[in-house]
Structure formats: structure tokens, C-alpha cells
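What follows are several structures.
Both complexes shown next keep chain A, but they swap its partner, so chain B is in the first and chain C is in the second.
Then we have the complex of A and B:
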């Protein structure tokens, strides 16, 4: 019998796993895997500022985190376009500096006389046990429209990954599409923060997509497989951490997805060499 | 005295990270510093579970081993059709999540504190001192990072020629017989060592800030390598001193403020750098636009004077042309104007 607390955690993990798994496909195909890491670290000052102004309402915390994430991405793109620095340097710098600013704000908040700021630390490491029904409502209320947007804008997203010439021919600016896609990704990362934490959220974005890559020939196929893997990791991770009291939920989900990604590539290699051998 | 120790520790940590960070950046391996700071944690945790002494020298061996392991693993995955960034993201996430699981599972039995390892607080570093034979030689963080700094500077000075050659022309360096991978491995070992020693004081994530920000800022200021090294050190020093001072004033996270100040320094340099800054280039572009317009107007006047047709001129541009002496009051081309047009390559034969 599953109790209500565990049910909340499982539902939240499944939704986050499926959402980040499917959106992560875009990041991996665009060779942007590490940008997710930059976004998730960059959300921290947004969370702190949102807390300072609006308190612990999850909707505002997510909004703050999303805004900071988008600002981080915009800065990375701007600095890369106007200097001769490589994008990996700029990403590393941005994520660490934003994280530093977030730390400064968090230590400032901790000195305030108000109570209830203890939960903010959860945004760094994630704390699935603190997830309540309200979080699930917010996650589903934001996740559904994001999936709808992805569905409606599918040709554009597809072209964004593979064919920028098509975008330009249709009169779309790839910078604007880029910002739109990164906005969706930032929202998903922001929603995952309370469960997985800022440090590991990016891995949940890319690991299912990397796992799905050898088994798919179409982007839609890859998205469905990656979403499925993310959701399964969510359930199994939540169940494992509930069975053993001390095992934390977020890192377990991430570790599972990384192991699946590595296994998937090893198995795919075996299949490939077996096929080659039989062909000979 | 404690204050002085704090400033010195911050300074040493910041410079010790910046020096290997610069070489990682120049060799296009910056993201490895991010990966190292996360994956080294697994080495620390595993070694700690075996020797259960946080001050043991084996901790550094374990951390360096896991750092080198990360680099090798990433390289192996890249041969598996996984792109470099995805491979790095995958490997460090796997090692990092395993480390966090281990820490929380064994948290009750150990003194390994997740917050301290990841977020670090340099403010306590002056109180953890190394005492040898009854003599207090200084704060542990300062001594350890001093050793890391000494090693990186020695490495850089001894292998300067090889580093420069393999960094900027890896192909011909390999052809001549230098092995870039040997130096890369050396750099990875050095960086892992620096990360381990720095992490105690400033925490894993902010190490990335110190490894990337000062080198990136110096990169925007100069093309000369020696000058870049000097500037990197200088910027690291100023970021740490201003950062610690501001943090004391506001009473907030010291390492966080150091990273924030380093970021601010970068933004200021990015915007206001003398020749390559965003603003300097905007001004240059505007100046260039005026020059082109002036030349076009001059050409316009010259060609129409020649054919005696009616033509329209821009009053402001004509006044500027006259002020420069390129044309006279009657809008006739002067000798200076002829020379200017010839220099611009817009007039090949001398105008009558």
C-alpha cells in the first residue's frame, strides 16, 4: 500500500522526469548539454530574490528561477557573440558567478529575522520529502502548456535542431526561437529544483536523451523514449529512496538515469557489432 | 592577525585556481574544470570511507585519481559517438550523484558535511591551522593552496615552451615529437590537486568561478600570452581582496562575494575594455560609419562637378568636409582631398 506522501513524491518525480527527459532531447541534439547545467546553477539568485519579495509561494519561486535562468542564457549568448571567448568558458563562468551571487543572497536571507527560510537550501540539493500536493498542481499546470507548445511548434523546434536555413526561409529569427526554447527548458529546470536540486537538475535533462539516442531514428521517437526513461527513473528513484530511509531521492533519480544512459550505449555497441558480424 | 590570514588565504586560493584555469581555457578544456570540481567529490568521499581521516594525504591521492579518471572516461565516451559536452555532463553528474548518495547514507557516521564540502566557508579557514613540532606555520587552507600554487607556477615555468607549442599548434607539436596528451594529463592532475585544496576553503562550485573568470577577463584585454598570465594573476588578486572586504562589510558569504566581484570585473572589462570592449567597438563602428559617409559624399561631389549636373548635398557632411580641408568654399576638391581619395583607393587617376 502506497501512502499519500510517497504518492505525491512519485507523481512529481514522474512528471519532472518525463518533461525534462523529452525537452532534454533538444539540448542534446543542439549540442547544448552543458547549457542546462549553466541554467540550473543560474536559477539560484532568482529563487533568493523571489523569496525576498514574495515569500515561499512555489509559483513565484519557479517564476524567479525561470527569469534568472533566461537572463543567464541571454548573457551567455550575448557574451559569446561579442567576444572571442569560447562558449564553454562563458558557460562555466556564468554558472559559477550566478551561483556565487545566489550564495550571497541566501546568506543575507538567513540573517533576516523572518522564519521559514530553511526550505531554500532545498533548492541547491533538492528535498523530495518536502514536496506537497500544491507543488504537484503547479508542476502539472505549467508542464501541460509546455508540452502543448512543443506539440504546436513542432516543425519549428525540429528545424531549430537540424535546419536553421529552413527557419530563416520562413522568416523566423533563430535567436528568438532559441530564447523561446530556452525559456521552456528554464521553466522545466525551475520546476525540478525542489526535488532534484540545482546541482543535478541538468543531468536529468540530458541523461535520458543520451540514453534514447542509439534507439531512435526520428526526433519524435527520441523524445518519447527519453520522456519514458525519465519517468521510469522518477518512479524507481522515488521507490528506492522511500524503501531505504537515508537514500536521497534526487541524486538517486539522476544516478539511475546516468547508469541507464551508459548501459544503453554499451548494449547498442554490442548490437551494432553483432549486426556487422552477421552481415560479414 | 586573523584578518590578515583570511585575506592571504583568499588571495592564494584565488590565484592558485586562476593559473591552471588559464591553461585549461587556452586549450579549450574549460568545461573540464566544471566536471573536475564535481567528480573529485566522489574520490574524496570514497577515500574518506576507507581511511576515515579528513586530513589524511590519501584524500588528495583519491581526489586526483578521480579527476584523472573523469578525464579518461570522458575521452572514452567521446569515441562512443557521444559529443564532448554530453559526455562531460553525463560523467560528472553520475559521479557527483553517487558521491551525494554516499555522503547522505553515511552522514551519521562521518564528519563529512555536504554543505561544507560543496559551499565551503573561507571565513573559518584561519582557525584550522597546521602546527608542526609546536610551531604554528599558518592556516591549513593557505598552506595547502600555497603548495598548489607553487606546483602550477613551477609547471608553467618549466614547461612554458612545450605548453605554448602544444596549446597553440597541437598538430605540428605532435609531428615534431611533443606529446600534447602528456602535458594535458599533467594539467588535469594539477587542476585536480588545486580543486581539492581549494574546495575546503571556497566550496566546489565557486572553484569554477575562480578557474574561469579571471582568465576569461584577461583574455579580453590582451593577445600577448605573458601579459595575459600577469593580468590573470592581477585580476584574481583584486577579486579576492575586494570580495573579502565587501563580504565583511555586508556580513554575507565570503566565497560567494569573491565570485560575484570576479563576475563584476569581467562585465566591466567586457563592456569598457579599451579597444575590444563592447562600447569601444560601438564607438569605433559609429566613427567608421561617419568616415565612409564623408568619403561617399566627397566622391559624389567630385563626380558631379566633373559632369556639371545638378546634385543634392548633405549640408552637415559638406561642412565637415570643409572643416577638414578636403574641399574649399566653392566645393572644389583640394589637394588634401585628392590625397585622401587616393589613399582610400577611390581615385586612381589624378583629377583635373
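Then we have the complex of A and C:
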């Protein structure tokens, strides 16, 4: 029997899985897989600062996390463009700096006499059990417009991922498009934090896309498959963790998606070699 | 005479290292121009800077006497093949269809006449049977033809191609040249970075020689090509 608590967790996990799975395709195809990790680490100080000013309202926490994530990406781009440092160096550095600042702030908040158990640690490791209906409303209210934007701006996103120089030559600044895409990704990462946590969120962005790649000949197809895989991992992860009391939800979802990604490639390789053998 | 591309005092530098110095250019409408120069002479940079794909330090660039923003849809850019991830999940038809993107607003979906133009373009470049194929399964020559089809769908008046014959088979090279000649004969202007000095006078009728500066330019029939090329390929400092 599915009770109301479990239902909330399942719905939230499905939405986050589907969103991060499909948007992750953009990151993977743009060869920006590591940037997702940088964003999710960069969100932490935003969560802490939003908490200090606005308290535990999920909308403000998500807004704070998103802002910090966007600032993190902007700094990575700015430093890479203005110095001679390579992008991997800058990302590695930003990831550590933001996460460090976030930890300092979170520890500070934990020790404030007024806050007591603020429960902000959940943003680092994820704590699906703490998700409530209000979170689901916020996730749906933000997730739906993001998918609509992706659908409406599809020609731009499609061309941007495939050939951004060409898009630029056609008059659309790839910097502006990049910023818009990174903003959407940051929002999704911020929404996933309470369930999956900052440390594992990037895996949920990348793994479904990797799993979908061998079975897609079009980007739109890849986004649908990856979104589906993310959603399925969300349901199954939530069910497994509810059936076994000691298994956490977020890490289970991430683990499932990584296993599916690996299996998908093993099966694809088998298929390919079988086809070559039958052609001989 | 109107110029398809006119450039004044174009200077570009990468990380303090100047690549182009005060470059001028006047490429007339209706010609097929080859941009020629040694490696590192700034040929690709010249194209990219003109199309605002690279920041320029100084310089004024006009297309058909107007700024790029005013005539953007009339200019088609065909990037170097190496600049693309050919493992990207996209079909030949989708790449060609991209040429219709942005012509009547960026949010508009492809219509029936766009798809008709795609079918015609793929027919012209000889890729009609492959339209459903993912680009990862194409040969180098077929990939270049796919790019050409995308530019055809765009129905541009000026074509800017970055090394279109790089790494393609002889058959594709002939096919590409035929298409480009047809375009030129219908009044379009072609500007291409070109490496093969043997084929230069057969394919092109206009020469733009560059080596960090403009070495020479003009219709090939009016130039002594060998002399210009020698000058362009001379070590920097020796060229007058």
C-alpha cells in the first residue's frame, strides 16, 4: 500500500528524475558534463544565505541555490575567458571554493541558537523523507515552465548544441543562449538538492543521458528516453528505499541510473558486434 | 560596384598574439573567391572575425554595403568539418532543416515548404537517399555535403566556407565544385578558404592572398598567381 508520505516522495523523485534526465542531454551533448557538478556544488552557499534571510521556505531556498549556481557558472566562464587557465582547472577550483564556503555557512547556521536543527545538511546528502507536498508544488510549478521553454525554444537549443558557431553566425549570441540553458539547469539542480543532495545531483543529470545515447538517432529522442529513464529511476528508487528502511532514496536513484547507463552501453555493444557478425 | 564583403583595418589578436594586422578586403559580388595563405596566416580567423565569431580589436566590415546585423539571413556560413562533433545524435535531414531556422523567427516550427526545400537541397548535393541517416554514419565527403545542403536551404546570397574540400574524396570535391559553380552562375558570391594551389585557378576566379596582412587580391585573370602565392608563402619579414 502506498501511503501519502511515500506518494510525495515518488512524485517528487519522478519529476526531478525526468527533468534532470532530459536537461542532462544538453550538458552531455555540449560536452559540459563536469559543469553540472560545479553548479551543484556551487549551490550550497546560496542555500545557506537564503536560509539566513528568508528562513526555510522551499521557494526561497531554491531561488538562493539557483542564483549561486548561476554565479558559479558565470565565474567559471569569466575566469576561463579572461585568464589563461584551462576550463577544467577553473571548474575544479570553483567547485571546491563554493562547496567550502557553503560548508562554513551551513556549520555557522547549525550553531546559531535560534535555528536549532535547521536540517540544511539534507542539501548536501539529500533526504527524501523530509520532502513535503509544498516541495512537490514548487517543483511542478518551476519544472513545467522549464520544459515549456525548452519546447518553445527548441530550434535554438538544437542548433546551439550541435553547432554553436553557426548559430552565432546566424545572429544569436551563443553566450546569451548558454546563460539561459545554464539557468534552467541550475534551477533543476537546485530543486533536486533536497532529494538527491549536492554531491550526487550531477550524476542524475549525466547518467540518464549516457544511458539514452546508444538508442537515439535524434537529440529530441535522446531527451525523451533520458527523461523516461530518470523518471523510472525516481519511482524505483523511492519504492526500494521505502521497502528497506536503511536504504536512502537519493543515492539509490543515482545508483540505479548509473547501473542502467552501464548496462545500456554493454547491451549496445553486444548488439553491434552481433550485427557485424551476422553481416560477415 | 557593390562589394559582397568589404573590410577596413581589421586587426585581431589571440592572447596578445596578433593574428591579423590592419587587413583590408574588397571582394566583389558574383565572384568565387579563394582565400589563400600558409598555415597560421589567419585565413580562418579572417572569416570568423568578419562574421563576428571572434572579437576584433579594430576594423569595419560591411556585407553588401551594410552591417552584418542587417543582412545576416543573406550570409551562409559553412564551418570547418573538424569544428563539429560528428557523433552528435542528428540525422542528415535535421542538419539541412537547420538552414530554415531563424529565417522567419527563431521559435517557428519547420513548415511544409521548408521540408520541400530540404528535399531539393539534399537532391542537389546527392544525399537524397541518406536523408534519414545519422551523421555519425556518413563519410567525410557526405558530411561536407550535408553542411552544403544546410546552407542551400538557407538560400543565402553570400557563401562563406572554411576549407570545404578538407578531407573529402575526389568525387565529393567535384560535386561540391559543381554546386558552387552553379551558385556563382546564378549570381551568388562564394568565399572559401582553399589549400590546394593546383586546383586554385580551375575552381576560383578571384584570389585573396593573406599572411597576417593582405598580400594581394583581384581576379585571377588579372593577377600573376604564382608571384602572389610566392609572396604570401614567403617567411614573414621577407615579404615586401
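The definition used in the following text is that the second predicted complex is superposed on the first by the 275 of 280 C-alpha atoms of A that agree within 3 Å, B and C clash if a C-alpha of one lies under 4 Å from a C-alpha of the other, contacts with A are read in each partner's own complex, and residues count from 1 in each chain.
To be clear about the criterion, contacts are C-beta pairs under 8 Å (C-beta built on N, C-alpha and C of every residue); 3 or more make two chains touch, one makes a residue touch a chain.
Only a predicted model underlies this, so the values are computations on that prediction, with no experimental measurement involved.
Colleague: Between chain B and chain C, which makes contact with more of the residues in chain A?
Modeller: Larger number of chain A residues touched: B.
Colleague: Quick check on the superposed pair: does A:199 touch chain B, chain C, both, or neither? Answer first, second, both or neither.
Modeller: first
Colleague: Where does A:31 make contact in the superposed view: on chain B (first), on chain C (second), on both, or on neither?
Modeller: Once the two structures are laid over each other on A, A:31 reaches both partners.
Colleague: Return first, second, both or neither, reflecting whether A:133 touches chain B, chain C, both chains, or no partner chain.
Modeller: After superposition on chain A, A:133 lies in contact with neither partner.
Colleague: For A:54, is the partner it touches chain B (first), chain C (second), both, or none of the two (neither)?
Modeller: Once the two structures are laid over each other on A, A:54 reaches no partner at all.
Colleague: Answer with first, second, both or neither: which of chain B and chain C does A:175 touch in the superposed model?
Modeller: neither
Colleague: In the overlaid three-chain picture, which partner chain does A:271 touch, first (chain B) or second (chain C), both, or neither?
Modeller: neither
Colleague: Answer with first, second, both or neither: which of chain B and chain C does A:99 touch in the superposed model?
Modeller: So A:99 only meets chain B here.
Colleague: What residues on chain A does chain C touch that chain B touches too?
Modeller: 31, 84, 213
Colleague: In their complex, what parts of chain C are in touch with chain A?
Modeller: 15, 48, 51-53, 69, 72-73, 75, 77, 79, 83-85, 88-91, 94-95, 98, 101-102, 106-109, 134
Colleague: Can you name the residues of chain A that touch chain C in the complex?
Modeller: Residue positions touching the partner: 29, 31, 84, 152-153, 155-156, 158-159, 161-163, 165-166, 168-172, 213, 216-219, 221-222.
Colleague: Give every residue of chain B touching chain A within the complex, in rising order.
Modeller: Spelled out, the residues of chain B in touch with chain A are 25, 28, 30-31, 33-34, 38, 77, 80-83, 85-86, 88-90, 93-94, 96-98, 100-101, 104-105, 107-108, 114-115, 118-119, 205-209, 211-213, 215-216, 219-220, 247, 250-253, 255-260, 262-263, 266, 270, 276, 278, 281.
Colleague: Under the stated contact criterion, what part of chain A meets chain B in this complex?
Modeller: 28, 31-34, 36-37, 41, 79, 82-86, 88-93, 95-108, 111, 121, 124-125, 199-200, 202-203, 206-207, 210, 213-214, 244, 246-248, 250-252, 254-255, 258-259, 261-262, 265, 269
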